[in-house]
């Protein structure tokens, strides 16, 4: 294939990766920014979202579009409820101590993974896309559904941005993020904000999973790689910065696609990882964060 | 930690003596398992030096472990080096890698440090796959029994023989344990703790905190590499799984369970995790569930790990 | 005699705000110098520049004849500049003993032995009146004792220049008297640069006083000269200073 | 250190002493005890991938194993003793795998270990098997056993290794699918066997590999690699494994649409996956290697039918209890056949207990061929005792009308190659 189309394809692929990554990383970033909690189980919320999407569509049967839309609503709600439960039972009692929450969420990771293995099984299972439309370009064909993921993600991101910056809920969250003690003093129910943020973060991961599952199947071990990538995005983007998270997701997603044009795949991964690591080393506050101390 | 060093010293001698005595008492399976646990406890102790004492949470220590693993393993497999030379190669690999990683990663702090170390470890892991021609990729390499013999003045030590292996593991464990105790009680150890507590203040006492942290990263890296090298030599397998991210998280878990910044915590944590998995996997294949719940309960009720809690509540002198 | 510390045109600005602006300052060996001035006068920023916690935007710093402008803070400490923090920042989770052992073990030449460290620590604790409290976690000490521990740590560095940032803040009257005695004693072996709001302490201790306002030096002189200075009266002493 | 060695000798000699005493007791005059011992079950340690990436396979390996043991026991067991399976999960992790083998040898005191699939677990566990002198029969299809890089206690008598499979595929590909082949394979060892052995095998048949595309193991989307497929490719030879494989096929479909090159794949990609899953329509008409056919074939032998019934799979290769639960039919027969090889070798050597491990190894090495039949339902096999590896026939199936129909069976000779070493020269 000629260079131009190849690059176009790689960019499209990168954009799809970015779209999903941005949603997932945003969830992690919110939890991280507002609660200062490193949620290692975030990838498992993602996995749970995908598995539930399969369960919903398999139960409903019938038209894939209806099943998919139902999954898009039901799956994040259940995942959010699970997250809320975990928050109330565990994280809250740990006073959100950073180290303790890392261990606790690793424990959560094991539990969710094992439950998925026991009740869902070890196989990768597909979910039908709500529509199948292949866009025929002169050089190659491309999935219309994949392009729609980019659109859906953009809409969700804008909605989140709106909530964060233009609503009272967003204001309360930002106040808590800025200084939780002062927020508490001003009568903001910090504990409820934390619970809400943790659930919301998990729901964003679940939404990302439902969007991706028609193109990548549900599997009980699918959470780890997106988790690692999201961590990277969150750090590169700068803590709690929505714009930074989106730009970093674009950077990581697209560079992953484009670098693969020039190098053998594994070498491409090595180079991409190394480049991002070096960015962090020489700009540890992230691309958009301001130096914090 | 200025009072008489007798009790801690006696405790450590007693632990080593107990492990020595267990050689003659344990049934074969537990004997073999304990040898493995001691080697991995060394990994945990190396991790603890950085995480427990300096407060630097790395998510990439699998790369230091694997530097030792591959450094010694490849030296034997491709170059036919002797066991001691290969062990040395493992240590040198660990030292070199940790020096480079330390110089880069220590420019960052906090969460960025976690992520940077994790990414460097990922690069290391992918490189093992990329150079599969030499490393055996994900399948890894097997070191033959004949390659794992030490000739010492006419006597041949066979590292595949259970007791020799146990004693070699115990030897390494003891050396590192004593070294950790020594470091923890040394002037250097006091500086490391001060950096963990307040790095700015430590600088204002005239300490080059970067140099001290770098020294700690290298010391930690070398200890982890020693564990990796011993793993290759004693158990004969060198593979990329041991460089994957799980193996960076494991020492963190072991240390947190046993008690960060306690000298014996890494051993306690490693033994605990191993036996929880070993025992529960005998009853249910859902042992990950048990491990997960155990982790959460521990962190809820023993937040400072087993020995950390004991030190806080009962035994103040515990090092 | 050559000054121990000189600054030339020293400045620091944050954004547009000039916290310290073109300060020329010099300090003779053996002096006890107090810096006074209203809140926000740039006193703490100025001493932070001297000890290296803050990088200057302009000017240079010379210590004992050597340009230390770009020297990292820990090196300056090693050259003999010690700083005790305005906000108490002892290591709360370490014992008083360990707090003092940190500076002691670094300044010991050659002998890093436990005995030498022990002797040094006990001496520093005794000098600051903290003997017998060595096993207490620093965070469990009373506030006044924490301030003294801070001074003990500074002392243990065996500095040639000891910078004390509001050392008597929060101390009781009895503790302040003891403190004055201590600083006089310290001055026997080190130059002391003192930021202080308590004018009684300043008047009792200082050989000379520098008055800062708005990031610049307003006046400098003996306590008597400063008391008599009209500008100072207007800028500082004139306003009721009842903090 | 020297005192350690002396102690170590005492420990060993002490243990040996116990063994000798037991032997004396079990000698003539103590018939009752001896009988008691020989009526104890033969214990086989099954190293299972119950968790981790291999769990899909592990489940079916376990079912096949249980079915085979049931059949063996119903027919009187081995040497008149019943067979007992002890399962340990290795988490599909080589480190844990080695521990599990140690546990089998020393804790469970099994007679042999058996059943491992994933190559890295086999390689990681092999040293532990050798050091414990525990015969270790794997069902992995990797070339690692035949490469003679492991040790004398490791065998693969139930399934043909990948090198041989690939070699056997080459003539059919060259003459039926096309001469210009592009390979897509995972960038890890399983893929490397294909990378290394296919080009020479095709060359010998007058065809060429014109591009090799290695996909990193962590990859979850593939479209970006497809432009590297040369336009003049006749055949895409694909071997993907792991959960992302459906994505791979789907994206290939979206990329090419209806205008695609020939496709030839190893069913490893789709083991435990329904070929009628959404998105796989694209594979219709393409060909697959199968070790043992997933779908019942018209010419199935009685042995094959009996085997399928015993394991509990229907004509579509799915569980009889759940038609959506697809088996790993192309590989799991290896468990069945391996257990019968163990039985044969134990009977040949008059195996009594762990002390006979060496005899068991030699008896296994002495085997040369296995006839098709109830014990070997997949087909006849030749066994090379020097490299501990068997060689069997391979199937090429075409995916048509939503099922896989066998269109070609290779001969055993198609897959034979020169041995790379000789385990029998190693000490026991």
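Letters A, B, C and D mark the chains in the order given here, with residues in each chain numbered from 1 onward.
The rule is simple: a residue touches a chain if its C-beta (ideal position, glycine included) is under 8 Å from a C-beta of that chain, and two chains touch if they have at least 3 such contacts.
These numbers come from a predicted model, not from an experiment.
Taking chain B out in thought, with all other chains where they are, the connected groups by touch are A, D | C. Compare each chain's C-alpha centroid with the centroid of every protein C-alpha atom shown, and the nearest one belongs to B.
A separation of 75 Å divides the Cα centre of chain C from that of chain D.
Computed centre separation for the pair chain B/chain D is 35 angstrom, with centres defined by C-alpha atoms. Centroid to centroid, with C-alpha atoms defining each point, chain A and chain C lie 50 Å apart. For chain D, the set of residues that touch two or more other chains comprises 51, 187, 216.
For chain B, residues touching at least two other chains, in rising order: 126, 129-130, 287-288. Inter-chain contacts, as defined above, occur between A-B, A-D, B-C, B-D.
Those residues of chain D lying in contact with chain B across their complex are 1-2, 4-5, 7-8, 11-12, 50-51, 88-89, 93-95, 98-99, 102-103, 105-107, 119-120, 123-124, 126-128, 130-131, 142, 144, 149-151, 187-190, 192, 216-217. Contact residues on chain B toward chain D in their complex (touch as defined above): 23-24, 27-33, 36, 126, 129-130, 132, 136-145, 152, 155, 157, 160-164, 167, 235-237, 239-242, 278, 281, 285, 287-288. Within the complex formed with chain B, the residues of chain A that make contact are 32, 38, 90, 93-94, 97, 99-100, 102-104, 106-111, 113-115, 117-118, 224, 228, 231-232, 235, 239, 266-267, 269-270, 273-274, 276-278, 280-282, 284-286. Across the interface of their complex, chain B is touched by residues 51, 53, 72-75, 77-78, 82-83, 85, 89-94, 97-98, 101-103, 105-107, 112, 114, 117-118, 121, 134, 153, 157 of chain C.
Across the complex, chain A is touched by residues 51-53, 55-56, 58-59, 187, 213-216, 218-221, 223-228, 231, 243-247, 250-251, 254-257, 272-273, 277-279, 326 of chain D.
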